[in-house]
Structure formats: structure tokens, C-alpha cells
Amino acid sequence: MANEIGNTAEGMNKARVESFSDGVFAFAITLLVLSIPIPDIKSADDQLLTTALLRAIPQLIPYVTSFATIGIIWLNHHSMFHEVEKVEHMTLTLNLLLLLVVAFIPYPTGVIGRYGALRSAVVLYGATFSAGGLAFSALWFDIRRNRLSREREDDARIRSITVRNSIGPVIYPLATALAFIAPKTSLGIFFGLAAFYFLPHLQPRRNEGP
Amino acid sequence: MANEIGNTAEGMNKARVESFSDGVFAFAITLLVLSIPIPDIKSADDQLLTTALLRAIPQLIPYVTSFATIGIIWLNHHSMFHEVEKVEHMTLTLNLLLLLVVAFIPYPTGVIGRYGALRSAVVLYGATFSAGGLAFSALWFDIRRNRLSREREDDARIRSITVRNSIGPVIYPLATALAFIAPKTSLGIFFGLAAFYFLPHLQPRRNEGP
Amino acid sequence: MANEIGNTAEGMNKARVESFSDGVFAFAITLLVLSIPIPDIKSADDQLLTTALLRAIPQLIPYVTSFATIGIIWLNHHSMFHEVEKVEHMTLTLNLLLLLVVAFIPYPTGVIGRYGALRSAVVLYGATFSAGGLAFSALWFDIRRNRLSREREDDARIRSITVRNSIGPVIYPLATALAFIAPKTSLGIFFGLAAFYFLPHLQPRRNEGP
Amino acid sequence: MANEIGNTAEGMNKARVESFSDGVFAFAITLLVLSIPIPDIKSADDQLLTTALLRAIPQLIPYVTSFATIGIIWLNHHSMFHEVEKVEHMTLTLNLLLLLVVAFIPYPTGVIGRYGALRSAVVLYGATFSAGGLAFSALWFDIRRNRLSREREDDARIRSITVRNSIGPVIYPLATALAFIAPKTSLGIFFGLAAFYFLPHLQPRRNEGP
């Protein structure tokens, strides 16, 4: 059993990987606030600041969208790691890849925060989410494969997680493609997808979500 | 039992939600320091820097106020989660909403830090605290409702938490309204409310506070 | 027993206070890196950048000093909390006060990082450390008082912690006063105090340190 | 047994040191995103932003390299701490030294992010990694020495960790020296070393890696 990190003597256990990942999720979600630029006005004048702050309201959309999306990834990460028994080297690598994308999210959020929903900004934003969806799926594919080596067949829960984890890698690239012709609509879709997940009455019976 | 995330096999347990929330509280409270602007003087001259630093002292008021307020939310969050048995989907959603507001606090704190207690800056600051009070109350309402489905009646402790959790959503919007005519007084009230909570001799017998 | 938060049903337990405090310590210590300004040169020219980076080397002194000082506070915080049985309201308040000072440390570190060891910058730096020393002592005084209500008399360990915790509140204000006439020497003393603590051969037999 | 912090009554236990270190690793890795500068263009114009973002793509190389390197240090830190029984004062000091270097990594990453792979920027970057390698080795040397005082002889696992922990302190300074004549090649080597570690098929049987 080369490459096992999991429960081997010198290795990494599941709880530490989860808690390190949680740290990155919590920090990335909090760091998002720096992506909302403080208005740059010439003098400390209330009239100017009022106008500037009102004009900044749409900049809350990417902030809230990124916040909710990282929140969803965090929730689903837990569902997924519930199926992990041993943390293999490949699982660690793919998990770090997912964290790399999550930790990067404040950057495209900041680009939209600064320049608004320009085409290139939303394409970058969507490409980041698409990369996140792919990394998430690759991680799930790996975890599921390790699980199959133990249990032979997927049960209903595993199949249902697999179905739901395929939604992101399909819809995110499509919404990103849309950003080339209609960036604001595309951003609206990213916002809508995140909001949809949190609406309780639309919620599927199990919670591994989009 | 649709929508349960709580103790179900693939779900999220209470300890993880608390530790993730604690992470966001700890990061947001530490990130506040970036809201105090380092003086921008023309040359590295001690006279200029002394003047600039002395002039920056009032900027410590929103820093300390936000710090103490996040501290209070953190304390009360624990009291509140003590009553949670299963983390339902709605609880998670409302908790993320509260964290969204908490993680946003460095932004209005930074606006006041940069432009001083201008009317629009304090209104934004108060609106953020009011949103936090509302999110906190909604979360408590949901937790209490889940608890009632188990225990039929509120006991004295629960009623006392309910009373105290109603203080914020009432006083914060009032102080925010006041900011339209007297922003500095309004900021003083936010500061006073936070300080009041920490004064030991004024403390109510139980600590679920304002 | 009004005002107890400690082990009461709705309250805050010691482990959570410690883990929240650890979060603030870890985050503040990492955030210090933002206090070292990236050189602002006109063009991406290696010669210019070399000069600018070499000139920035003294800016590492306040970075390392603040890092080591927060590290020491973290270490001593643990020794101190080992003596806590119940987390009373006053203990929580004083702990948050200490965290407020610790979370503020990146600010004076950034002021020195930007303008060098100017008198006003080092005075601010020293005043922050002095406030930290005072907050630490007040917290220890409170913890010791709660302990005395249980055990009547201080044992040797407690007395030794008390002696060591008095070093900071004495030396830090003195070094701060010195900053008015010799800021660079004063900064050197803050650096020396932090370094001294980590030198193993100078270490006192118990580790509650300066 | 002077200088023991480990398991003594007033001391620091291993779990806290690990969790504090994990906090610093998680924050430093997430803070790296601030090292990628948001393009500074004159107006919110899509054409300008597209060009600026495309030109920023190479700036992802130091981001990914630093991310992966901190990830590797985190992984190896766990392997190493597995061998710790008591946390001695020296171990704490060397661990804080390693954390100091890790927390500093966003700075040289930011310098390259802003000015590109200039010679002085890559030399600083490599010097930081070399310092990290040295701190890591010194920490391992100390942990191994404490272990030897208990067990007399190294077993195969310990020897294999020792061999692998010597790779960094050798290759990093060499790659840093190369930066003086070929900074881009040098940066490529730092990237390659990090990538190499994560390639599963090249992975050594045990995972204490470079």
C-alpha cells in the first residue's frame, strides 16, 4: 500500500485534513470583504460618499455570490469527506487543488468589485468557479474510487452525491460561456445558483446540493 | 425528515458548524485592524507622523466598537448553539447569513476609518449592525422553533434569551435612524452598547446579553 | 453565582475561549506580513528593486519582534489558562481586551514598516506592547483571584507566574519612555526582550517567561 | 527537567502546537491570494482589462508554487510532529522560527507578483524557501535528538525522514544561486519541485517528501 498517508504511522489523518480545509474555507470566506473597494473620493464629504456608496451596491452581488458559493463548497466538502476512510496521497493532492481554487476566489471577486461586471471579469469569475467544480468532481471521483475498492458497489446515497456533484461542472462552464455575450446575465446565474441552494423549499431531500 | 443535515450520515454536525463559525468570528475580528488606515504623509518626518497619528485617535472608536460587537456576537452565538440539537438546513442557511454580515463588518468600519463619522458612513455602519441583529434573531427564532418541536414549552432560560435577543434588532435600527441627524451621537451609542455589555456590575444575571 | 459563563448550561467553556484566542493569535501573527511594504519603484527594473529590497531589510526588525512577541503571549496565555477552572464574565472581558491589543499589533508594526523607526512610530509601538502587558497582567490578576477563592493560598508555581507576568508591565513602559529620546535603541530593546525569551540557555526553569 | 514545556502542568501540549501551526499554515496559504495584484487600468474598459488579465497569467506561477510549497510543509510538519513526545522549549522556538518563514512567504510572492521574475525578486523568493528548508531541518534535527534520548537508535522510518528532509536545504540554496544568472529557470525549478511532490506516480513509498 504505497502512497498511503491516511492512517499510517507517519501520516495525515482525516480530521486534520478536514480541519485544515475548514481553516482555508473560513479564511477565504472572510477575506472576501477586502474585494469590496472602499470608495475613493476626493474629500471627506457626506454628499460624495453617499453617492459613492450607493453606486457601490451592485458590488455586493459578487461578494454575496462568492460567500454563498464557498459556503456551499464547505457544506458539500463535509458530506464528501464523510465517505473517506483513509486519506490517500491522491486525495490530499486533489483536496489541495480544490483549496487552491477556493483560496483564489477573492481575486476574481475583487476584479469584479473594482471594475464591475465587465466581460473579461465575469469570464475569469466563471472560469474560477468552473475550475472549482472540476476540482470538486475530481476529488469526489477519487474518494468514490477508493470507497469502491472496499465496498464493490455504490449505494443510493453515493449515486445521489455523484449526480449532484455533476451539476457544478456542467452548469458553471455553460454560465461562463454565456459571460462572453451577456456578462451580467451570467453573473446573475452564478448568484441564482448559490441562492437556489439555500432556499429551503426547493431543497432536495438530501443535502449534497449543486 | 427531509432537509436534515444535522446528525444524518452524510451531514454536518453541530461541532463543525460551531468551529467554522468561530473561525469566521476570529478572522473577522482580527481583520478589523486593516480598517485603521496607516497615515499617508509626504515624507518620513516625525513631526508630520505625530500629528497624523494623533489625528487618527478617533478612528479607534469604530475599531473598538466593531471588535467588541463581534466579540459579543461570538459569545451569544455559543449560548444560542447550546440549545441546538440537530443542525437543520434552515439553521445552516441562517447561520451563514449571520456570518455574511459579521464578515462584512470590516467594510463599514473601514469606511468610517477612512472618512470619519460622516452621516452616510455611520448609516452604513448602523445598517450593518441592524442586519446582524436581524440575522441573529432569525437564527434564534429558528433554533427555538426546532426546540419547541421537541419540548413543547419554553422554560425560563429560553424566554430570557428571547428577551435579550430582541434588544439588538430594536436598538440598532433606532440608533441607525438617529445617524441621519446626529452621526457622532449614533456612533457613540453603538460604542456604548458594546461597552455596556462588558461592564461587569451592570451585567444581567445570565449572560445572553444585548 | 451570577455572571458565571464558565460551566453553566448556556455558557462558554474554557476550551472554546482558548481555541478562539488561538485563532486570533495565529491570524494576527500571520497578518503581520502585510506590515512589510512591497517596494514602490517606478519600473520593473532589477537594479532599482535590488536597492529597494536591501533598503527594506531593517523593516524586518519590527516584523520579527512583533512575531516573536505574539508568539510569547500565545505561549504564556496557555500557561495562564491552565489555572482557569471556570470562565467568569470578567475573565472573558479581560481576555477580549488582551486579544484587542494583540489584534492591533499589525498596525504599529505597519507604521514602522512604512516610515521607519521614527520617534512617534516607536512610541506607538511601545505603547501597544505596554497596553498588552497591562491587559495580560489584569487577566492574570483576575484568574489568580478566582483561583484564590478556591484554594486559599498561592503555591510556588502561581507565585512564580505572578513574578514573571510583572516583567512586561514594568519593562515595556520603560522602553516606551526611552523611545522619546532614542527610538532605535528602544526598538532594539523590544527586539532583545523577544529574542531573550527564546534563547534556551537563558531560559528560567519554568516557562511562563517575560 | 528544566525547560520542558511539553507535558508539564503549566505547559504547552503537542496538540495545541500542532493546531496553532495548522492555523498559521492555513492563513498564510489563503493570504497568498493578496500577492496577485488586481490590474490597475485607467478606465473600466473590457479591452484594457482583458489585456491586463492575460498579461497577469504568469503571475499565477509564484502563487501556485508558494501554495503548493506551504501545502508540502504542512504535510511534512505532521509527519515530523508524529515523532514528538514532549514539546521542549527548543522545539517550540524552532517551530516558531519555521512559522515565521512560512508566514513571510506571501511577501516575496507578492514582490514577484508585482514586478515579475526579476533577479532580485527570485533571489529573495529562493532565499525565503532556503530559510524555510533550514528551519525545517533544524526542527527535525531537534525532534530527532529528543527521540534518540529515549530510543537510542533511529529506525528505518526515521532515517528515511532524515534523508528526505535534507533535500530541501540542498536544492533550495542551489536553485537560489541559479537565480542570480537565470531567474526564470530558477523560478521554474521551485515550481517543478512543488509539482513533483504531488505527482502520484513519482511519489516515494513513504510521504515525508522533499
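So that you can tell them apart, the chains are marked A, B, C and D in the order they are listed, and the count of residues begins at 1 in each.
Please note the rule applied: a contact is a pair of C-beta atoms (placed from the backbone, for glycine too) under 8 Å apart; a residue touches a chain by one contact, two chains touch by 3 or more.
Just so it is clear, the structure is predicted and the values come from calculations on it, not from any experiment.
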{"item": "Partner chains shared by subunit C and subunit D (touch criterion as defined above)", "value": "none"}
{"item": "Starting at subunit A, fewest touch steps before arriving at subunit C", "value": "2"}
{"item": "Most distant chain from subunit B by Cα centroid", "value": "D"}
{"item": "Copy pair subunit A, subunit B: interface residue numbering same or different (half cut)", "value": "different"}
{"item": "Cα-superposition angle relating the copies subunit D and subunit B, to nearest 5°", "value": "180"}
{"item": "Centre distance in Å when subunit B and subunit D are each reduced to the mean of their C-alpha atoms", "value": "35"}
{"item": "Length of the line joining the C-alpha centres of subunit B and subunit C, rounded to whole Å", "value": "25"}
{"item": "For subunit D, residues that touch 2 or more chains besides their own", "value": "19, 23, 27, 31, 34"}
{"item": "Arrangement of touching chains [line / ring / star / complete / other]", "value": "ring"}
{"item": "Inter-chain touch pairs (all)", "value": "A-B, A-D, B-C, C-D"}
{"item": "Contacting residues of subunit C [partner subunit D, same complex]", "value": "19, 22-23, 25-27, 29-34, 36, 38-39, 41, 44-46, 49-50, 53, 63-64, 67-68, 71, 74-75, 78-79, 82-83, 157, 161, 198, 200, 203, 205-208"}
{"item": "Subunit C partner contacts - residues on subunit D that touch it in the complex", "value": "2-3, 5, 9-12, 16, 19-20, 23-24, 27-28, 31, 34, 89-90, 92-93, 96, 99-100, 103-104, 106-107, 110-111, 114-116, 118-121, 124"}
